[in-house]
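Below, each structure is written out as structure tokens.
Below are two complexes that have chain A in common, paired first with chain B and then with chain C.
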Partner chain A sequence: MDSQNTFWKSAVKNGLLAGAIGLYSTLVGLVQAFNKRAVIEQLSLGHITLLLSWGVVAYVFLNHHRESESKGKLIAAGALVGGLGAFLVALLPMTAQWVDYHFVFVHAGPEMYSLLTFGKGPWLGSAMLVAVGALWGILIALVVSLPTFWRDSVVKAFLITITVGLLSDLFTGMTIGWMFQPFLGVEGLNILGAVLVFGLSIAYDYWSAHRKPKESAEAVATEPAGVTKSQLRRMVVGALALVVVAGLPLLLGSYLSHVLNMVGLYTIMGLGLNIVVGYAGLLDLGYVAFFALGAYTMGLLTSTGPLGIAHWTFWEAVPFSILVAMVAGILLGVPVLRMRGDYLAIVTLGFGEIIRILALSNWLKPLIGGAQGILLIPKPPLFGFKIQTPIHFYYLILVGIGIAAFVAYRLRESRLGRAWMAMREDEDVAEAMGIDLVVTKLTAFAFGASFSGLAGAIFASYVGSIFPHSFNLLISINVLSLIIVGGVGSMPGVFVGSLALVGLPELLREFAEYRMLIYGLSLIAMMLLKPEGFWPEPIRKRELREEVGD
Partner chain B sequence: MSEKIKYFLERLSWVDIMVWLFGLAILVIAVIGVIGSIHNAYYTKEQWMDFVVFGISQGGVYALIALGYTLVYGILFMINFAHGDIFMAGAFTGYFLAAKLNQYGIYNSHPIISLLLIMLLAMVTSVVVALITERVAYRPLRKAPRLVPLITAIGASFTIEYTFRGLYGSGVEAYPDMKIFVGKTSVFGLRILKVHLLVIILSILLMAGLYAYVQYTKAGKAMRAVAEDKDVASLMGVDVDRVIVNTFILGAALAGIAGVLYALIFKQVHFFMGFIPGIKAFTAAVVGGIGNVPGAMLGGFILGIFEALGPGLILEGLGIPASYQLKDVIAFTLLVLVLIFRPTGLMGERLSEEKV
Partner chain C sequence: MAMLELKDVHSFYGNIEALKGISLYVDEGEIVTLIGANGAGKTTTLRTITGLIKPRQGTVTLEGEDLTKFKPHEIVYKGVSMVPEGRGIFARLTVAENLDLGAYIRNDKEGIKEDLERVYELFPRLKERRNQVAGTLSGGEQQMLAIGRALMARPRLLLLDEPSMGLAPVLVELIFDTIVDINKQGTTILLVEQNALMALSIAHRGYVLRTGEIVLADSAENLRNNEMVQKTYLGME
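After this line comes the complex of A and B, so read on.
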């Protein structure tokens, strides 16, 4: 009897939580802003946001009680959680005639109320909203009470369908976009497309679940000498990947190539910061300083405008950009040699800000342009041909990534790389083992900075004009976040991280106002759910799991 | 004594010498700047006093925010990056009450009550935001490696900023003037702005209160015990979770009041207003010695005064135009200098290196 009481009590609690999250997303304006983006026919992202904010709470709650409670009770509880969640949101339009929410909350207004009430007025509309919430809760309860395999598969398919619907604009942007036309509505997927994606996802799950055991047994059994099957397969996959990477911009078109270029520049920076933070364990929050120095060096040396001092070409200036960044890395590294942990973080952050403020100041304006920046930075020439469009730059950046990745890889495997990692694990022990901490730290700063300098140089030439505002703290934070999201110290992780943190927000441009909100929320969620990152180093993963586990 | 010097010389490495030379170079440049400024007499004595008073009141706000950083850092060893935004949450929410009160005329007819109400609302908002942040973003990660909560804190910072942008809009709102605090008053023959006087008095009172709380109450004792050693404290019957929550509440309440004071000085609120003061306050906490409560107060005032005086006193003497643009450079240079000569901050002696 007592456990019954707690079950219903916690159902009410979860309903309130669902309502709070629903109210939050409504008042912050997510629902309204996302309403402009259709995902599947008429169903907009705004609707989905509301449904998800109730749904996630209901799902977690019901799933927790899945084994212990009967199906009927789960359904009733689902209706309660969903209905209560919807009721709290519905309070807004119901009380709007007496309370002026708009005074405080900018998004509260007739438009929001009519959206929430389906344009049917405060009373009827609110009742409808509550009914929708309750039905949604029941639906979730039904999904939860499916057998495990089907439950997971349905949830996954649902999420995939939404994602595909959300990103469906990508398909139309491609050069082969016409192939997808039959499945797309005016915006988002149409019903046919949605059903297809949903079905395919479930079918794939079903297929992979029933195939797995046979496949692994086969792999163990047949392993001939010489070029093994798995080696051969790896080579084929590698070759295919190369072809895809080389051909990608031709397939994607100009805008998406630009997005990829930004991802690429962040990848180069990430590879560099990975040396500092990932290998050497030095927390650097001012990494943007070297990016700025690289870019400004490139700008000053090549610009054809009044501030240009040398009128060099890109290729002549690149080594200098890297060199300047490298020297700056050493110079800024010296004062912080004795600092550890968070002291290092705040001081490097300070350095980054100092560089930006100096670039912005009137004092240095005659030299580097102040707030007006450096204009007219020429594009890199190449054997009489000019690297100009984003697609051209894609290949330049690809080469940059290749070089950076190669250097980073060789460094990690070198004596120096092992010294970095020893220092990361324990400075005192490393020193006792005969590692020269000064040299080791300074080389880490120098190499890390040089990568950023390279990225800055390419960036300057790519955008053609640079301003101090492009070099704010956000870039440092972005680079740090992307290597952590990808997995600290892991090289493929850097790429995955920059795709996730630079590529995705770039695609969500139209929600500009909420990009940073989503970014922040996903950083938190990522650290809570997968602290080791998307593509962790194997050792790191084990360590983290152990530490988090207990 | 000579033994000690011998030992010291043996241990001296070229790194220390270089770092000190670097610090000395900055100091020498600063001294040249000061001499230049005084020699050229750019400002009158009155103006210098104004700078100092402004610096102290700004420093008081920094100190109040810095206390939040230092309290949390002392216990959890994490930079609560979102603390600046918790400060913003209080200030921004307080604005709406101020505007409503102003609309009905209560703001100026009952200024003290209004101010108390606004501060109360700001405190409550800041505390609620801090508690939600702690519960959702920090508590599950107590045992994670240190980079993980740092990234969560950065995420929380963005989340709070853009949540309030979504809720309250992205405009800069003008904080209404309180009539009794407009204009100057005389204290010990000094003419200072009434607002500055109010901010200085309030921040000193609050800091004294906080110090007494940490030092003399049982809850404060528990807090110090947890800062010393969580495990032992919990063996001694201290509810560690409870203490951590208390710490967040305390820090956030101070940040909320600091938000209102900041808004009174600068007369505007904005969703991004917490960012710079947050970083400055963290800098102040490090200057004073992070984890150390009096250190945070000292650091706040020192940083505030240096920022107010530095551009006029040092940079203009060096012949740098538009020197006020570079006040943040002064703040961060001060930080680097302090850390070069005193790596644990001005008062942070007890915090051993292994803890950091």
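After this line comes the complex of A and C, so read on.
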């Protein structure tokens, strides 16, 4: 009897929590701001925010009691949590005729109330809102009481459908966008598209769950022949990937290619910082400095404007951009040789700021243009042809990534790479292995910086003019975040990370300040749910999951 | 001439004098042990030999060459390897990678391969777990790895810092048997231990260290029979 009481009590508590979260996101204007983007037919991101705020609370609560309570009670509790959550939010439009919320909460107003009540007036609309909340809670309860596999699959499919709906701009922006038209509404997916995505996600889960055991059994049975078979498969997949990567900008069109180019530049930087942070374990927060040096070197050497000193071509200047960044890497390295961890981070942070402030300064203005920056940086020529559109640059950046990835990979497998990792683990013991810490640290800084210099050089030529404010601290933080999100030390992780942290915010531009909120929230969620990153280095994964090998 | 010789070595941590004029020597082919309680200066002695601490006074020579003017990583090239206290393995690297790093100073691929086989022969457990992340090994296996890694540098002088620390008695015995084997294969050993009973049972000679000074120096057998040693370090009444 007692445990019964606590169950209902805690259902009420969770309902209030759901309502509080919903109320909060409504009052700060989140729901309204997100209402601008339809995700599936008329369902906007604003609606989904509300549904998620109730849904997550209900899901966590019900899932906790999944084993111990009957299905009927779960459904009732789901209705209670969802309905109560919705009721709290519905209080806003119901009481609005007597209370002036607008006085405190600037977002509260007729527009918001009409959004919450489906335009049906305070009483009928509120009742509808509560009904929607209760039905949503019941739906959640039904999902929770499914067998584990189906429950997880449905939740995943739901989240994927929302994500695809949110990013459906991607499809319309493509040159082959017409192929997707039957599945898209004016904005976002239409019902058909949503059902299709949802179904495909579940079908994929089902297929992969029922296929895996068979495959591994097969692999064990036919070990010697299986090796060549899997090699062949890998080669086919690799070739296909190459074709897709090469053809991508033609499919994507100009704007999305530009987004991909930014992802690519961050990937090059990420590969470099990965050497410093991932391999050598040196926390560098001033990484943007080398990006700026690479860009300014390119600008000065090639610009056809008054500040240009050499009027070289892109190709003649690139080696110097890399070299300048490398030398700067060593110069930064020397004073911080004896520092570790936090102290190192602070000094490198200062270094990044010094470079930016020097670029801004009046003192250097005659040389590098101060706040006005360097203009008229020419595009790279290529056998009489000019690399100028984002699609052209896509291929240039692709080559850059290829070179950077190759160098990073070779370094990692080299004696030097081993020395970096030993130093990251334990400096004293590394020294006891005969590793020269001075040389090892400086080479890590130098190689890391050179990648950033390359990215900066391409960036300068790509955008055609550079200004000090393009090289702020946020770039360093972004590059660091993307390698953490991808998985520290992992090379494919760098790409996945930059896609997630550079590509996504670019696509969510219209949400202005909330864009960074989503960004921050997803970073936090990411670190809690998948601390090893999206695509971790095998060793790091082993360490975090504490698997026993062999 | 002794292989390793310390003469009147004074070492400091800041203003604290941890070694107050230590003199000792190790001859080629010997196992010499340094015993003493916590804080007696045993580890400091090893850190001074490997160059992690520079002595303020006194000399450390290896076959007549002054070691104090070299950096820690250079001393490894002279043929001195250390198994650090608390094992000091690279926890996030695999067993094979750890061993590979042990051979960091060498270029002779054939020789490295030979030594790897030798280490796997000494510690078959390591071979079984060569692709496992070192941090997931048991304490005993980590100690084996630390010793194996030091051997990969093919040292002439091996310094061991408390190899028995935190290990089950069975494992301690195994480790000490292996130390004797390594010595028989031609590596000179300086062994620092709190477990005086075990250390004196395999060593040729020993030094007793107390608060930064050497209070006794004798053959292992004589030390075992010494009344003071028995009382203080062997727990006999």
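What we mean here is this: the second predicted complex is superposed on the first by the 520 of 550 C-alpha atoms of A that agree within 3 Å, B and C clash if a C-alpha of one lies under 4 Å from a C-alpha of the other, contacts with A are read in each partner's own complex, and residues count from 1 in each chain.
One rule holds in what follows: contacts are C-beta pairs under 8 Å (C-beta built on N, C-alpha and C of every residue); 3 or more make two chains touch, one makes a residue touch a chain.
Computed from a predicted model, the values in this text were never measured in an experiment.
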Which partner does A:Tyr255 contact after superposing on A: first (chain B), second (chain C), both, neither?
neither
Regarding the shared-chain residue A:Leu523, is it in contact with chain B (first), chain C (second), both, or neither?
first
Chain B versus chain C, judged by how many residues of chain A each one touches:
B
Between chain B (first) and chain C (second), which does A:Val106 come into contact with in this model arrangement: first, second, both, or neither?
first
Check the residue A:Leu480 against both partner chains and state whether it touches chain B (first), chain C (second), both, or neither.
first
Now for A:Glu425: first (chain B), second (chain C), both, or neither, which partner does it touch?
second
Could you look at A:Ala345 and tell me whether it touches chain B, chain C, both or neither (first, second, both, neither)?
first
If you stack the two complexes on chain A, which partner ends up touching A:Arg415: first (chain B), second (chain C), both, or neither?
second
Footprint overlap on chain A, where chain B in one structure and chain C in the other make contact
543, 547-548, 550
Contact residues on chain B for chain A in the complex?
13, 15-16, 18-19, 22-23, 73, 77, 79, 96, 100, 136-137, 140-141, 143-152, 154-163, 165-170, 279, 282-283, 286, 290, 320-323, 325-326, 328-329, 331-333, 335-336, 339-340, 343, 353, 356
In the complex, chain A touches chain B at residues 24, 27-30, 103-107, 277, 283, 334-335, 337-343, 345-347, 349-351, 353-354, 357-358, 360-363, 438, 477, 480-481, 484-485, 488, 513-514, 516-517, 519-524, 526-528, 531, 543-544, 547-548, 550
Interfacial residue positions of chain C with respect to chain A in the complex
50, 52, 71-74, 76-77, 81-82, 84, 88-94, 97, 100-102, 104-105, 128-129, 131-133, 135-136, 149, 153
Which bits of chain A are touching chain C when the two form their complex?
415, 418-419, 421-422, 425-426, 428-437, 539-540, 542-543, 546-550
